[in-house]
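After this come two complexes, each holding chain A, first together with chain B and then together with chain C.
Moving on, here comes the complex of A and B:
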């Protein structure tokens, strides 16, 4: 008997959004190569069209629920939810990059192409139900990000960030691959459902230390991608060195995709080992929040402060993984991911708008007196800071509420207390931003450039979504809840 | 057989240590060749001749030649240790040694399942060799990852070109 290629219409349909995005990306690559320099500004709009068509294709798949490609790939509401978040974030990043790359003196064609391929990898990660496809999806996501970080190759810090990201990323991928090899050694399969089946039928042999090694290596591998302490060392340098729209992209989309894969692996394949990994993740979550927030207090660069704040937010989201067994645990992670995505992209877009001839707009001192220089931007910034702190009426408040509630339900009261203390600490530096904007005199009195329409649209979408999620969180939470129904079955 | 395995394993470990500890990059590259050859030998012991051949042709052959070309073009004689790595060195050695002991202890004490997949020896002979069996798995069960890897290679190429070419305003 020969293993036959099983490829039918259903396989094709399941992968349709990815195929569309891939074809667009390849066509744009050819266009970039053939076109004249003056026509290259179009590529930004072409990639928006590609993301939009992919988004529509993703929406048409709602309601489908089956695995394809011999169990490598699944199309379910969880995957669709994550893909929609990733595509929206990608569209906002592309809009925010308008003229940014050419202004700095670089050709922008490959920039958009690399973003598209990175998004392709993220979409595969969101749907992967086999450790092999998780791994290749992860690499397809990460490798364009290494290049994008170093895109400003005449800036030392961009190159430095890219090199650090690349070396550490390659190392963490090796760690993850090593972990996968041990899973195969113990269970004889890499399929997530079959791994769960193995543990369900054979029972969990707690005397088998290989399982602990697997958990250690997986936490290190995924922990690197989500920048959890103590695997976060690369994060501030990379986020500071990368072009600002890419920092916004990486701190939201890469995190969302990594959390999706992290969640799916742990919720689908390893729920039987929950007792063994939950305490480790709880300690990791507490460490991540605390170190992220405390170091953020001392930063003088706004971009670097946001990098540490995004580390802290990864800590909050990890709480949801600890509380996986509670009915709303996973849903609270998804909810927090969307609330965080929009609130976290916003400040980066404002950094882009604050660029002037003599300043990069990245330092906290650039925010001095923003309330007088640009009242609208300052007001919007304040909303983002409210959301990141977790204050109503913004998306951050219900996000934190659902996460903390899930932690209490799963008897991790100490973790909730740590998270609440951390929220208080984070309020210090988020409010510091507000203080600088309204209570200090402007240091830099240069006139701000008139913002271009795509960048402004991106900013308004971010602020609109942040408020919308805060005003009617139930709608979004219901959507998140419905999307996880079938994750663990 | 066991003796050959241990010999190859020993050579692989020693030459890998050489790769990271030699100061002259050419010597490191040659150490890598030795490591790759001994790994290929281990693949042969596992009856995976096709992968062994690939390892030798692609890694020990093509990629190493590229490495050596680049090293010779750049004419690097000796690499100096960067100061920021020197500070972390004692900590790195302690953490690395701890991890090594941890992993070795765990591997010795663990029990791994004794699995026989679909592709046992008889099956591979029936199919007509390793290469055919591998091809069949790649184009059926692992079709999706296989295709993704092809895109991955394209992306790596686009990225490498992006890093090398000049910007809008020339130099």
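Moving on, here comes the complex of A and C:
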């Protein structure tokens, strides 16, 4: 039974942003080989242009809803929403990168090219409606990230981070692929819509052990990617070892893309199994946020503390997957992702700015007396900490509100209680940052370097968006709501 | 005796299990990498057995993709092993221990 493959103009249009980004990345690769060693700043700007053009192409596709390439790829508002978030995050990380990698002595073009290919993989994941394209997109996202983590190849912790990330990433990919093979075995297809159709017409056979195997393998495979407890061990090491702009990129963009794929697989293909997997995910969510927050309390490295905090935030986002059946469940995930992305990029950019000759800027002690050394940076940092805690008037507050409300609506009151207690725990270490900045004397009195314009712009965009989402949450939530209309139908 | 789908699935499950055991117990990076490859190849056997069972091509296509991805991962893994060996003169997983609490 061989289906005839047909390609038309609509297929080409659906993939247009990805094609543009891919062509740009290849051209920049060629340019990188031909250009002189000293001219790498230009490549950073070229990649910004590439992201910007891709962003515009993505915007022009708003309003289209169709599947392309025989159901492998879909263009809908959900995909566009995620792609816009990913592209913005990528632009901010590239802006924060150039000065940093130059100062560390690793200036080279492939850094930006790897980021571009990783973004390409994420965009494919956001649009994938076939388990094959989900898997290939996931690998295209992950493999450049292994390189980027180990990019500072003379620093031991960077290599070690890359090693751990690679081993865990390869292992989880194999686990996920094994799960996909059983989905194929049970349903005879890898297309998400056809899988849903199969379960709708044939019914769910509760006694089929293969289904439980699939659910376990999927939760484990995706759990590794989003760093949910107990699959989180790699995350703090990798986030600490990686170059700081890459940590910012991985903790937001990679997470957003993984959640997008996770959501689409569960919401589109396996809604019939919701009753079977919701309790598991609820326990996983509770464990993830509790362990993430409690371990974050004990850290002395700010970067590592943020890594544990990002694990805890993955726990909050998982609540939205538990509450999938509630009308606003998925929308609250999207809203939280965008609020979290900007609030989480910010502190990493500040870490980059705190770097001086004698200190990495990564330890909590480097924050001592920041209120005196750099009042503006300290104020901005406080806004990010407010948002990560979930206090108004920042984006974190409505984000948590929508998520917790969805959990209550789906009768997971205990999960909401756990989440609220966790918010209180997290307030302790986020406010500790504020205390260090304003109530301690500076330990390191070195003058901070004057930040470059791209980094400052990136920082202002992050803080501006964090406040904007907090002040006008309704508009962003409406956008998120509209973008999920077609996801489950 | 006729070899059925079940036999292939059992073979794949055994290979996958051996891969996991190797991944967890072995300390040499190259062996760990080989264990991951073993797991991916178990997935390939699964796909091809199912494709044969359903008389479809899509399962075989998936296994082609997985072979490609496994090759990419092997390349990345070996590159990381080389960098690690240059800095530490060892490819023992336990020697990678500077990042911890």
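Note that the second predicted complex is superposed on the first by the 484 of 489 C-alpha atoms of A that agree within 3 Å, B and C clash if a C-alpha of one lies under 4 Å from a C-alpha of the other, contacts with A are read in each partner's own complex, and residues count from 1 in each chain.
We take it that contacts are C-beta pairs under 8 Å (C-beta built on N, C-alpha and C of every residue); 3 or more make two chains touch, one makes a residue touch a chain.
The structure displayed is predicted, hence computed values, not measured ones.
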Applying the touch criterion given at the start, work out whether A:237 contacts chain B, chain C, both or neither, answering first, second, both or neither. second
Looking at A:22, would you say it contacts chain B, chain C, both, or neither? Reply first, second, both or neither. first
Considering only the touch criterion stated at the top, classify A:150 as touching first (chain B), second (chain C), both, or neither. both
With both complexes superposed on chain A, which partner does A:70 reach: first (chain B), second (chain C), both or neither? first
Just checking: does A:136 make contact with chain B only, chain C only, both, or neither of them? Give me first, second, both or neither. both
Which superposed partner A:298 touches (first chain B, second chain C, both, neither): second
Looking at A:164 after the superposition, I want to know if it touches chain B, chain C, both of them or none. Which is it: first, second, both, neither? second
With the two complexes superposed on chain A, say which partner A:177 touches: chain B (first), chain C (second), both, or neither. second
For A:185 in the superposed arrangement: first (chain B), second (chain C), both or neither? both
Residue overlap on chain A between the chain B contact set and the chain C contact set? 2, 132, 135-136, 139, 143, 146-147, 150, 153-154, 185, 188
Could you please specify the touching residues of chain A with respect to chain B in the complex? 2-7, 15, 22, 29, 37, 69-70, 72-73, 102, 105-107, 110-111, 113-114, 117, 120-121, 124, 130, 132-133, 135-137, 139-140, 143-144, 146-147, 150-151, 153-154, 185-188, 205, 208-210, 212-213
Given the complex with chain A, which residues does chain B contribute to the contact? 102-103, 105-107, 109-113, 115, 117-118, 127, 136-137, 139-145, 148-149, 151-152, 155-156, 158-159, 161-163, 165, 167-169
In the complex, go through chain C and note every residue touching chain A. 9, 12, 16, 19, 23, 29, 32-33, 36, 39-40, 42-43, 46-47, 50, 53-59, 61-62, 65-66, 69, 72-73, 76-77, 79-80, 83-84, 87-88, 93, 96-101
Sort out for me which residues of chain A touch chain C in the complex. 1-2, 131-132, 135-136, 139, 143, 146-147, 150, 153-154, 156-157, 159-164, 166-167, 170-171, 173-175, 177-178, 180-182, 184-185, 188-190, 236-237, 240-241, 298-299
